[in-house]
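Mind looking over this structure? Questions follow.
Chain lettering (A, B, C and D) follows the sequence in which the chains are written, and residue indices restart at 1 in each chain.
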Amino acid sequence: MSKNRVEAFSDGVFAIVITLLILELRPGEGVLNAHDMIVQAIPKMLAFALSFVVIGTYWVAHHRMLHYVKTTDRTFLWLNLALLMVVTFIPYPTALIGATRGEADAVLLYGATLIAANLLGTLVWLYGTSPAHQAENLKHGQRSRVALVHVAPVVVYAIGMSLIPFAIAITLACYAAVPAFFILAGPWVDRLVAGTAE
Amino acid sequence: MSKNRVEAFSDGVFAIVITLLILELRPGEGVLNAHDMIVQAIPKMLAFALSFVVIGTYWVAHHRMLHYVKTTDRTFLWLNLALLMVVTFIPYPTALIGATRGEADAVLLYGATLIAANLLGTLVWLYGTSPAHQAENLKHGQRSRVALVHVAPVVVYAIGMSLIPFAIAITLACYAAVPAFFILAGPWVDRLVAGTAE
Amino acid sequence: MSKNRVEAFSDGVFAIVITLLILELRPGEGVLNAHDMIVQAIPKMLAFALSFVVIGTYWVAHHRMLHYVKTTDRTFLWLNLALLMVVTFIPYPTALIGATRGEADAVLLYGATLIAANLLGTLVWLYGTSPAHQAENLKHGQRSRVALVHVAPVVVYAIGMSLIPFAIAITLACYAAVPAFFILAGPWVDRLVAGTAE
Amino acid sequence: MSKNRVEAFSDGVFAIVITLLILELRPGEGVLNAHDMIVQAIPKMLAFALSFVVIGTYWVAHHRMLHYVKTTDRTFLWLNLALLMVVTFIPYPTALIGATRGEADAVLLYGATLIAANLLGTLVWLYGTSPAHQAENLKHGQRSRVALVHVAPVVVYAIGMSLIPFAIAITLACYAAVPAFFILAGPWVDRLVAGTAE
């Protein structure tokens, strides 16, 4: 299985998952008027937007990872499929948050899913850039620095989850903070990872 | 992230969104006979056809844009993902129009979504063809002319939306007029944009 | 828009539509036991299998068509999108047949959809192989012979539809006969089209 | 139809089917609280995970098969589409197991689907590597050894199915054992197939 195929298959799964999110917003049959339907759907819209950005961030991160992987083998393939399984799972806690308007257990499951995705992503990275598989463009120290970048959000998610009993809005803000950080601070993260940040 | 990958991912999302539209037409379970189900589904069929053509038009426009973009960066990537998020959202107001048989708020949300798509498309275009990113094939004055072509439909959508209190059919006709115009007058638009139209 | 992109986008839509068919088979929530659910789902399974083969046949035909098209333009693009819209619509009459266990109007709509697909396919073919667009590999007389192959099933579908008041099973058999014919008699059709059949 | 197109189309279908599995987990509308929804969804989550791994295994196997196929023809195309139809069907028995919490008939249908997939996969393999179609890289004896690897799981599935009256958990364990075996013992299977295992 060439790296290109794994990449194309992963891209396909990312594109499908990110688009399927909209299916959660399907309106029911005509009991309500349009205005009330839209108002009721607002938590679902927010959950849609959050997960779209989260999955978009994972997609970007996945590409950057594979850029430094030269060869793949069965183990890599299955680690990557496990990561894709967790990403594919994201629409469920997303829907749950939307359907329950952010009940604690839904928000908890969402966070646990993100943590699983980050930990599996770290594993995919460490395996794919182990000496036997890494590409020549990997710089000294970059492997552990990228691993740190993958693990760091776990701390943010965990802090957010620990706040669920107090303020679920803050928990959700913690979840949203991770993609927001990577969008806004992306260039700085790139320099950090390349070892050229001050 | 190469331009090709962004293009392939965007194509995937467009193909999935345009196809998912049909899921809104799913019949319920056997309370009605087939004839009544079909009659009831007519507003949904019209909404399906409208959104199929609208998303098809966006897909064509997206390709034409990327033809003049040479290099992409993180900012371009995220602007493009924001555009894709709005396009991915289209099935929701589509479903809402179908389910409520064109209630005012559903038609309003649909128009607002199209306006957001056009404005984001303009942003993607202006960023992607800024001096640092534009390809050599971009002609003098083409950048602003294409931006105008992206912004002009916003006026049509807005006029349509302002007519919602009076005649929703005219609003929907305004929405449909935009893709119809680009289908029928496409060659003329091409000459306009290339600066060769009289 | 290059031919390759149109082909890749069309392939994507075909792959998505053919796979979405399974969503019609989704079981409801636990009122029935598994045995009754399966028995009740048999008409839906048959409709799934019919549409899977029908769409598969269209996909194969689509590829063969584009093999003889050299250049595409806006008109071709939109004719092709119209064809894709009709193909994307197929899951709806499929679901309707499944949900109503083959009521007349559902079977009629299914037939009308197939006729629209074949007529649009013929248009795509005739436009794409007009002197300005055809590839060098198109043989003399092949253009009209392939057009005939696209139009001929319309007759079969129409005969089937005319039998709806008498025996819907025969109508469905007519619909199924078309892909069955192309699967079984494909090599003969190829020779016919190439002008080498006796 | 080139081998590459068949491969790309098949990849698309695999990616879509594996992702659509998550749609079964869609929560209903707000009658239950999030905690009860999650607890109720556990059988569906397990069914999702099982089918994700099963389809992932089929995807990997499909790629390995096509690696040894040089040329394709109509018959190969239709055998492959038949295989894809069975793979596309998998979400239905998956959903049924989830919705009925593993009732006997649901588990039976799931097993029958897997058996059909393996037998069709064997057919695709034998046809695609018949002397007229096989690639040069196929080693002596490899054709029958791979066929055996495709057929062997049928025995495991059948044993599992025969145990349905006694212990459905063991049946499901049999189903799960097949992908688990290919994940864990993959390298050994590779050597066996290449004729280099002791």
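Definition applied: contacts are C-beta pairs under 8 Å (C-beta built on N, C-alpha and C of every residue); 3 or more make two chains touch, one makes a residue touch a chain.
Nothing here was measured: the structure is a model prediction, and the numbers come from that model.
As for how the two copies subunit A and subunit D face one another, under half of their interface residue numbers coincide.
Here the CA centre of subunit A is 27 Å from the CA centre of subunit D.
Centroids built from CA atoms put subunit C at 38 Å from subunit A. Residue positions 12, 16, 20, 23, 28 of subunit A each touch two or more of the other chains.
Chain contacts here close into one cycle, and each chain has exactly two touching partners. Those residues of subunit D that touch subunit C in the complex are listed here as 1, 5, 8-9, 12-13, 16-17, 20, 23-24, 28, 74, 77-78, 81, 84-85, 88-89, 91-92, 95-96, 99-101, 103-106, 109. Listing the residues of subunit B that touch subunit C in their complex gives 11-12, 14-16, 18-23, 25-30, 33-35, 37-38, 41, 45, 48-49, 52-53, 56, 59-60, 63, 183, 186-187, 190.
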